[in-house]
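Below, each structure is written out as structure tokens.
The following pair of complexes shares a single chain, subunit A, combined with subunit B in the former and subunit C in the latter.
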Partner chain A sequence: MLHLVNRSPYVSTSLDSCVKFAKKGSPILLIEDAVYGAMAGTALEKKMESIMKDFTVYALKEDLLARGVTNVIAGIKEVDYTGFVELIEEHKPTTWT
Partner chain B sequence: MSDISKIMIMMRKAPYGTIYSFEGLESVLIMGAYEQDITIIFVDDGVYSIKKGMDTSAAGIKDFSPTFRVLEMYDIEKLYVDKESMEARGLTADDLIVGAEVVDTETITKLMEEQDVVLPF
Partner chain C sequence: MKFGVMVQEGPYQHESSDSAYQFVKAAMEKGHEIVGVFFYHDGVINSTKLTDPQQDDRNIVKRWSEIGEKGVDLVVCIAAAKRRGINDDVLAPGFRISGLGQLTEMAINADRFVTFGAS
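Showing the complex of A and B:
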């Protein structure tokens, strides 16, 4: 199952709940305001790195660009809209909003 | 492909602050009418949607929680509550208006993986 997260991890528990309930090894795709969690050098970087031990974390490129997030944590995979569609084709999606 | 889908409604929001909880309940009723295989799960603030003792009369808003109690009439009987979410909010199964099964995180993960669709509210 593909887990989409679209809320900023600074104001929402969406990412926490996603990580709590998602099956280990599942892909997590950060979109919209959730991409702020993908930025390097933040208070959340260590937490993201810990999440990446159990999950493959993606961030949507268009949303990163729109928000000026250019320094993405190493290991987070950037995907564009086409990559987003490919992930949806491979996995049943659900959203943590 | 079967006409019946396994659909999970995941309730994660408190009942009145946003429209999510109400919309989740509406969706349950609609899909129940189409005889789909419905599972409802209450996690995070979603557990507040089925808390006993709500009195919205003074606030002037509609308490839609009694509808959760009549879902059995629609053959919707798979109701689950996340144990951690419930306990974190100081609640026990006795504080809930429905007889939802209290389950742990691993059970919820497994239930989610069994679904055709997981809809968040």
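Showing the complex of A and C:
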């Protein structure tokens, strides 16, 4: 199952809830403000790296660009909307808000 | 593949209506069928033709109407719409008002159902 997270991990616990309940090995796609969690050199970098041990983390390219997040944590995969559609083709989605 | 989409956030509120639109567009370009877009909670505000943004701004309602013109069923929740003063008189082209039964049907008919925005 693909887990969609759209809230910034700096203001919301939705990513925490997602990680707590999602099956290990599942893909997580960060969209909208959630992409702030993908920024390297931040207070959350270590936490994101530990999440990446259990999950494949993706971030939506357009939303990274819109927020000026150019220094993405190594290992987080950037996908555009076409990639987003492809992830949905592969997995049934669920949204954490 | 058949995709269903739900929008639970108003236009210009945050980003979910934009995300849903970009997703629907990308899915259609890849040849997928959109069985419908269901507008729920504040998402129903995406359907009013009274929306009149300045010329240099994106017109979110018009963008959805254009998706509707391509044959996509744009369904607005009646209970959520009535609460917010939205009825057939103010409905933009391409939208129709219906009930949660339509949401259920979309979810049954779709291979994938994607929700955008918080409730």
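Please note the rule applied: the second predicted complex is superposed on the first by the 97 of 97 C-alpha atoms of A that agree within 3 Å, B and C clash if a C-alpha of one lies under 4 Å from a C-alpha of the other, contacts with A are read in each partner's own complex, and residues count from 1 in each chain.
Operating definition for what follows: a residue touches a chain if its C-beta (ideal position, glycine included) is under 8 Å from a C-beta of that chain, and two chains touch if they have at least 3 such contacts.
None of these values were measured; they are calculated from a predicted model.
Once the two complexes are overlaid on the shared chain, A:Phe84 sits against subunit C while remaining clear of subunit B.
When subunit A is checked against subunit B and against subunit C, the one touching more of its residues turns out to be C.
In the superposition on chain A, A:Thr95 makes contact with both subunit B and subunit C. Within the superposed three-chain model, A:Glu62 lies in touch with subunit C and out of touch with subunit B [touch as defined at top].
Once chain A of one complex is fitted onto chain A of the other, the partner contacts of A:Asn6 are limited to subunit C, with no touch recorded for subunit B. Contacts of A:Lys23 after superposition: subunit B is touched, whereas subunit C is not reached.
Contact with neither subunit B nor subunit C is seen for A:Tyr36 once the two complexes are overlaid on the shared chain. Residues 92, 94-95, 97 of subunit A lie at the contact with subunit B in one complex and at the contact with subunit C in the other. By the touch criterion given at the top, residues 10, 12, 43-44, 84, 105, 108-109, 112-113, 115-120 of subunit B touch subunit A in their complex. Interface of subunit C with subunit A (complex): residues 1, 3, 14-16, 19, 22-23, 25-27, 29-30, 32, 112-119. Across the complex, subunit C is touched by residues 4, 6-7, 31-33, 62-63, 80-82, 84-86, 88-89, 92-95, 97 of subunit A. Chain contact summary for the complex, subunit A toward subunit B: residues 1, 13, 17, 20-23, 92, 94-97.
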